[in-house]
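A, B and C are the chain letters, set down in written order, and residue numbers restart from 1 in every chain.
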Amino acid sequence: MLSVKGVSKRFGTASDGVTAVDDVSFDIRPGEFVSVIGPSGCGKSTLFNIIAGLQAATSGQVIVEGTAVRGPHAAVGTVFQEESCFPWRTVVDNVAFPLELSGMGKAERHERARHFIDLVGLRGFERRMPSELSGGMRQRVCIARTLAGQPRLLLMDEPFAALDEQTRLLLGDKVLQIQQQLRQTTLLITHSITEAVQLSDRVLVMTYRPGRFKRLVPIELPRPRTADAVTSPEFGAAVASLWADLREEASRGMQDAGG
Amino acid sequence: MAAATGIGRSTWGLASGPGTAGPRLAAALLLGGGWQALAMSGLLFQDVMPPLQVLAGGLGAVVLDGGFWANAAVTGAELFLALLIGGVAGAAVGLLLGVSAFMSAAFERWITWLGPTPKIILFPVLILLCGVGPGSKVAMGAVSCFFPMVLSTAAAVRGVDPVLLRVARSFRCGPWQTVLKIYLPSTVAPLLNGVRLGFGLALIGVLLAETKLSNQGIGFAVMQAYARFDMPRMYGLLILVVGFAAAVNIALGHGTRLAAGVAAGRDR
Amino acid sequence: MRAGAALFGLVVVAGLVGLVQVAIGAGFIDEYTVPRPMEIAAALPRLVREEHVASRFLVSAAETFAAGALATVVGTALGAALFRWPLLRRSFEPWAAVLAAAPLVLAYPLFLVLFGRSSVTVVVIAFVSALPPVVLQTVSGFSSVRPVLLAVGRSFGLGRRSEFRHVLLPAALPSVFTGLRLALMFGLINVIGVEFLINLGGLGALINDLSERYDLPGTWAAIGFVVLVSVTFFVLLDGGERWLRQRG
């Protein structure tokens, strides 16, 4: 349902610029969970912005459900890396935001919002303000808000990057549950290999700048996956294989930075 | 009195750099054109809102008049002394409040509360204390710039990164060395900003005092022009004063940004 | 410690006042320059009785609120316009900065000529002085809305108007309240100052009056009273802004 065809993004002039993304192509089938991993600075966020319709590609096309992406696509929902709750709205008003935009009445949209608030495990916090919540909880509100819009494709750009390890693991579990329950087609940008293996059906490895598509790795681990899956030998093998790919790119990145 | 609140220009991220000179000029031309149209339309008395050429004439007359420069010198001297006295006193008190949390808790709130009050109302008292001559004008200016100087200095001293102070201690720096090598470079930017604020307020204080009771100075010259209903001259004086204030403000603003840039480790 | 320090400060100030009282009594300070603090305190009730302090206070307050409200409304609108059209912003924001730093109040004789000797002049001067800071504050407020919030808006397909209504305005509202506080602050300072300078109207004129009558204790008392009013006003404004910010 998502088709990325030869997308490239170049910043600056032809002679003296930077190619962030170089001729990336891949497809995502409905219900699939795909992760994109790569070293820091490899252009994953640029790719994310292009698919989300927030930036234009220099060349190539992104097609969602048959229509080309020319701006934020109605079928695409985005969760950003930075925490982005509207600080002046309560939790329920934040989550109900897409419903409010579509003209739904207050009682109905609050009802619907409560369903998604439950889904992310924040039942009871509906009337709270974001300033009263922790970083992890606020990010959950953002996820619930995006899900409330019932996007056919969910895009997430390192949504757990700003959180501590323990919160990350717990939220990862939550996302897994949600994805399994909703059969939500998802594209996740991440730099955490364990996260990618834990959550995905397939993992796309990107090279260091210019970001090219290096390998597409299917994750054969059985679903439903639980937290215990992390300890299985198959999991370890998948992680090791991805790390072998990634290490090469990551050390090129470090060399470039003078490290 | 527009700068009385302690809000530095650097906190209003002004659009600047290449590409703004043209629009700024265009805006100036637009405003000038608007003025001219209004002046020529006869909606207001020609005397009160003179056309641009009359204004230019007035400006020229002022600049070419020897008396103006004498007045400017008087005001300039008063301003300089006011800044010196108020600035040094303010910095000293601010330093004390900055290094001592106790003193700050005891006295800083008095300064903060008294800061925004209109200082011109103290003028009658200052006349009694310092006479009707330049002394009371200097006092007016000094009192005006004392308060923002205290608050800026205190904030600047408190804002020195404690990590840097620990580094100084680890290198066994003496108190004087710490002041010179750590405090001074760290506080130059906010201090300059405080001086910028203080300058504006001191200028207003001195000028208003001169309009109230004086026989020399730019403020006095403005009142003279008013008494004679010499509008072009009054406008000329006002334009010069605003221009002077703007120029100093811009210069100090650049200085503040430079100092802040160096302090933040960017090479300039 | 803080309470102790605050008390210490109060004691020191009171002590200084007491010192002055003693010094005047002993002849170290000329009592025709600095009246005894007790006399000044005694002058206050006399002022209230004889000088219509209450009605003067209302005049100054009315002028302040008029100038402040006008500056807020016009300033916020202009600031929003400058933010909306970047070309306008690049053209006019620097001029607003020049005006904000300029001693505009010095032009009060000009305004006297334009508007005559009336409350209108006082309000106009205060309005003109308060306007540039409000404009700058509004522009700054809109510009500092976190970009990720705008990205969220765009990701939900919001157009310009919806983006303004749903994201920009609520996010920038605290800055708008700051603008209101600035307008009232500059308003009060300029109203009192101009009243004093042209001897017209409310509390500022009261001080002028008394000083011209050589009523020394009265002058000092009036100054003290105006300072008290000013301090109370600003403390209330500060507290009000903080309360509003906490409510989100």
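Please note the rule applied: a residue touches a chain if its C-beta (ideal position, glycine included) is under 8 Å from a C-beta of that chain, and two chains touch if they have at least 3 such contacts.
Small disclaimer: the values here were computed from a predicted structure and weren't measured.
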Chain-contact steps, minimal, separating subunit B from subunit A: 2
Among all chain pairs, the one with the most C-beta contacts: B-C
Cα-centroid distance, subunit A relative to subunit B, in whole angstrom: 52
Between subunit A and subunit C, centroid-to-centroid distance (C-alpha), Å: 50
Mean-CA-position distance for subunit C and subunit B (Å): 18
Subunit B to subunit C touching residues, read off their complex: 1-5, 7, 9, 11-16, 19-20, 23-24, 26-28, 30-31, 44, 48-49, 101-107, 109-110, 113-114, 116-118, 120-125, 128-129, 200, 203-204, 207-208, 211-212, 219, 222-223, 225-226, 229, 231, 234-235, 238, 241-242, 245-246, 249
Subunit A residues touching subunit C - in the complex, by the definition given at the top: 52-54, 71-72, 74, 76-78, 80, 82-84, 86-89, 97-98, 101, 129, 131, 142, 149
Complex contact set, residues of subunit C against subunit B: 1-2, 5-6, 8-9, 12-13, 33-34, 86-87, 89-95, 97-110, 112-114, 129-130, 132-133, 136-137, 139-140, 143-144, 182, 185-186, 188-190, 192-193, 196-197, 204, 207-208, 211, 216, 219-220, 223, 226-227, 230-231, 234-235
Residue ranges of subunit C in contact with subunit A within the complex: 146, 148-149, 151-152, 154-158, 162, 166-167, 170-171, 173, 248
